[in-house]
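Per-chain residue numbering starts at 1, and chain names A, B, C and D are given in the order in which the chains are listed.
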Amino acid sequence: MSRIAFIGLGNMGGPMAANLLKAGHSLRVFDLAPALVAGAVVAGAHAAIDAADAVVDAEVVISMLPASRHVEGLYLGDAGLLAQMPAGALVIDCSTIAPACAQKVAAAATARGLQMIDAPVSGGTAGAAAGTLTFIVGGEASALERARPLLQAMGKNIFHVGASGAGQVAKLCNNMALGVIMAATGEALALGSAHGLDPKVLSQMMAVSTSRSWATEVCNPWPGVLENAPASRGYSGGFGNDLMLKDLGLAAEAAMSTGASIPLGELARNLYAMNSRAGHGGLDFSSVVKLVAKDL
Amino acid sequence: MSRIAFIGLGNMGGPMAANLLKAGHSLRVFDLAPALVAGAVVAGAHAAIDAADAVVDAEVVISMLPASRHVEGLYLGDAGLLAQMPAGALVIDCSTIAPACAQKVAAAATARGLQMIDAPVSGGTAGAAAGTLTFIVGGEASALERARPLLQAMGKNIFHVGASGAGQVAKLCNNMALGVIMAATGEALALGSAHGLDPKVLSQMMAVSTSRSWATEVCNPWPGVLENAPASRGYSGGFGNDLMLKDLGLAAEAAMSTGASIPLGELARNLYAMNSRAGHGGLDFSSVVKLVAKDL
Amino acid sequence: MSRIAFIGLGNMGGPMAANLLKAGHSLRVFDLAPALVAGAVVAGAHAAIDAADAVVDAEVVISMLPASRHVEGLYLGDAGLLAQMPAGALVIDCSTIAPACAQKVAAAATARGLQMIDAPVSGGTAGAAAGTLTFIVGGEASALERARPLLQAMGKNIFHVGASGAGQVAKLCNNMALGVIMAATGEALALGSAHGLDPKVLSQMMAVSTSRSWATEVCNPWPGVLENAPASRGYSGGFGNDLMLKDLGLAAEAAMSTGASIPLGELARNLYAMNSRAGHGGLDFSSVVKLVAKDL
Amino acid sequence: MSRIAFIGLGNMGGPMAANLLKAGHSLRVFDLAPALVAGAVVAGAHAAIDAADAVVDAEVVISMLPASRHVEGLYLGDAGLLAQMPAGALVIDCSTIAPACAQKVAAAATARGLQMIDAPVSGGTAGAAAGTLTFIVGGEASALERARPLLQAMGKNIFHVGASGAGQVAKLCNNMALGVIMAATGEALALGSAHGLDPKVLSQMMAVSTSRSWATEVCNPWPGVLENAPASRGYSGGFGNDLMLKDLGLAAEAAMSTGASIPLGELARNLYAMNSRAGHGGLDFSSVVKLVAKDL
């Protein structure tokens, strides 16, 4: 059993920490929101008074934060965690951030004799709660082997996709494709509906045909098609439109940094941006269908 | 067992007719290519000398033709089949055509006391051979019930999506979403590859994540990822780029006819058009990845 | 001076007819709206009781109608004008319609020994009133020469761009480019505004730089930049969003009919469709900027 | 007459420096390419042995460099020019770079008691040679007034569009709109050509109609339409495809930094990226028409 510092206890980090506790690990936790820390303590964690306090004696530091700047702020600089961590400790950053940022922090970790992997996840809050997340890992194989038992306590699939930053690139590739697929599925259902078809029947057909996807089967964007999808509860919960917008922005930056072209990915980015401007930034990203469907 | 006239014995129609013969039905067949007729005769069909000759005594007429103009040419007009068919016969048109054309032919059939369903398919040549096609049916329920035993001899799933023309609309919705999903998957794999990721590992991850689709799992557009995909044999076989281009054009026309907007669908149409202009019109539609991937 | 039948006295047709009267021609006019006929009578025209009555004794028939179906309805069929017109008369259709429709009517005219040109216009209601329209003509040179004095009474520039239908194709090319340019200008002004720039100063710079266009100089989409532009009066007047949407749809159909690709043109079509769905279909088409600009 | 240090003597900087010399100013010049320095010396400049040597005694430093990293490298850091310049000197950076980079260098200049304006240009190499450039200026009014006589020696129009960085934002807005307009004009001409129209006649019509632009009148993308346009000499000379690609990338980053959406701008970026991948990166950006036109 490992001594783990866990930083970031939000919608994703909270249930991930709970699964580590269930597996018998010892956790010192920190979050800027005291209520989230208190929740983890109830589940068996020790409360740290700040991030530096959390890493005292830690063998492993796990972080789950919103964006690149939070990750850089946590680890880098004279007061950053890399300067506070015990020698030989392992960093597992599960945040979805810019690949270049992941590489920068990993290089700083290496310079201090620490190991680090980027391990962004797929599976959403439901996967975090059920312990069925997919981890998409970039970094050295030896670091991944140290992390593996902990990742297995929180998830089901682990993919080692390359060196530092590769986990973030792969996550962006997945989310870019997802963002396009969701919006395209919305276009298809709206087109069918405009011709008098029932989006539920159309979705059932698509779900067993060549256009099948997570967007038809799990998170269908049309209200009433799937009872448990965000679309059927006013697009609440789920993965926010503005989070998808952020990920598509990271994908666009990644494309531009290599001269790649992602015409559908960038058009999708603009669709989510227009949906955000229409006041739907806080809704589930499947609400992008509102741009093209009458009366939704 | 039914007396069936089967018109159109190409890559799809040929194996579909073969499956009807295997199920014990009696077929009179016609195709403009004598070699295709000869092939069906070997499998047990009777050769008709022309389409009109094929429908003599037919209880059911099944057609599988390339485009709207062929379907209109076959059925309408003074010399068309609707004027030649026995009273009470049933028409099953499995071609993928414009919804308005399907409605026009069905209305003409009704005016002559005949029944007609539009029943375009999903599943490709592999599904046609294996008898696992999905039929997407528009028309009256009673007509579908008459057709059901025949459809079951050729396929696995049958979806009744609405009145005449609805099968075509649903097929276009599926293919439009598929066209976008394929091109977006290509963008994601090219983006990962440009950052040094292995498209095979990336595809394996995506196949169990939220961007999973037929395009990652069955017809992966990157050469070498899936041994049996067209991409791994020079993009030969499969569903041609120019057929996808045709279907996206039909989807665009369907969108314009109702004032719907399909921004991703129409951008995808243009990507397939540019791929066609680059000389890849006859390749599998997954070759659209060539537009965005270096050295493919 | 010619004996002219003028059909269609709306925002464009009304002032065009007035300019012909001013030039001394004799006009018999018809419109479905009696008030519009009455207005032309005040200006010196003779009221016809229907379209057929208008063409009695006419040397030239001029029409200015909303869409393809109106033009076909007016001229074709047993009761159509082509069957009523005096032998040798000339048809000048100034409507913006599908090129295929223009060719169909012209072929029918030729079959009856009549001449016809398609002569859609550029210049808007202001150009119609001022007699400064641009005529974009398709048809035989000899027919254009007969029409030229009349076109010169209504406009300033006359371009002979090809055979029957070519005028319509060229008009669509112009309007497609215009639709893209307007929306792109809106994006540029919104981008500048989001960074704190004054859209008026930005527009003044652009108007003398490489991105200059009619959209920056005459019909600027940002309120307050140009006093006389629709944007400065709540996007009222001008060329309606849904008319641009119609023209972009015709351009898309023209592209699909030849396998051409117009990726920007079709994306623009979808932007105008989304603007229409947002309730702005009746506003000037420059209101498309609302999709991308905060607080407009 | 001013003592000026001029850094960067390429296709743009060279003729700009020559115009300053013609106006009687004293120039110390530097470029990494000795041949370019030699050329300026012939025109009357003094050769500096490096950038630091150029700014000795300078009242004004003018730079014209390829990209953000060159500008940061020149001015910032302990060995950067800001640390070498005489007190009170004025910096005029005419490069097209990221707005954030311009703001960063200007802030560093202010911190050292220097003034700086960003003054990117429009007008191309022809405008640089003729002294008819447009300067798009961001920075304090007092700094612009000091710069004005020098800008007037090199150009015709001067626009003060806002504070530091605003010149860069406005330049990007112009170039983004231009990039879209050029590609859309290419689509229109290709669409007309596919229908049998002569692109030259079509261009003449468009040039006096609502779709008129610099792309129809000055830099027409179709070979043979304008004798002096790059398209008529194999797309050589002019503004390179990859420079437009770079500017559209900066525009996309600027949009993402404020949550703005520029759907046409980002689609255009991808079109230029695809044109670059097709091997046309070094051609004039009007070669983007090759993506959509048969046989060009």
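Note that contacts are C-beta pairs under 8 Å (C-beta built on N, C-alpha and C of every residue); 3 or more make two chains touch, one makes a residue touch a chain.
Chain labels with UniProt names: A, B, C, D = 3-hydroxyisobutyrate dehydrogenase.
Since the structure is predicted, the reported quantities are computational estimates derived from the model, not experimental observations.
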Subject >> Contacts common to chain C and chain D (chain labels) >> reply: A, B
Original post:
Which pair, A-B or A-D, has more C-beta contacts?
Top reply: A-B
Original post:
Which chain's C-alpha centroid is most distant from that of chain C?
Top reply: A
Subject >> Centroid spacing, where centroids are CA-atom means, of chain A and chain D in whole angstrom >> reply: 40
**OP:** Return the distance between the CA-based centres of chain A and chain C, expressed in whole Å.
**Re:** 51
Subject >> Centre-to-centre distance between chain B and chain A (centres being mean Cα positions), rounded to whole Å >> reply: 38
Original post:
Can you list the residues of chain B that touch 2 or more other chains?
Top reply: 259-263, 267, 271, 274, 277, 291-292
**OP:** Would you tell me which residues of chain C are touching chain A in their complex?
**Re:** 263, 267, 274, 277-278, 291-292, 294
Original post:
Hey, which residues of chain C end up touching chain B in the complex?
Top reply: 245, 249, 252-253, 256, 259-263, 266-267, 269-271, 273-274, 276-277
Subject >> Partner chain A, residues of chain B touching it in the complex >> reply: 99, 122-124, 134, 136, 157, 159-163, 165-166, 169-170, 172-178, 180-181, 183-185, 187-192, 194-198, 201-202, 204-206, 208-214, 218, 251, 254-255, 258-265, 267-268, 271, 291-292
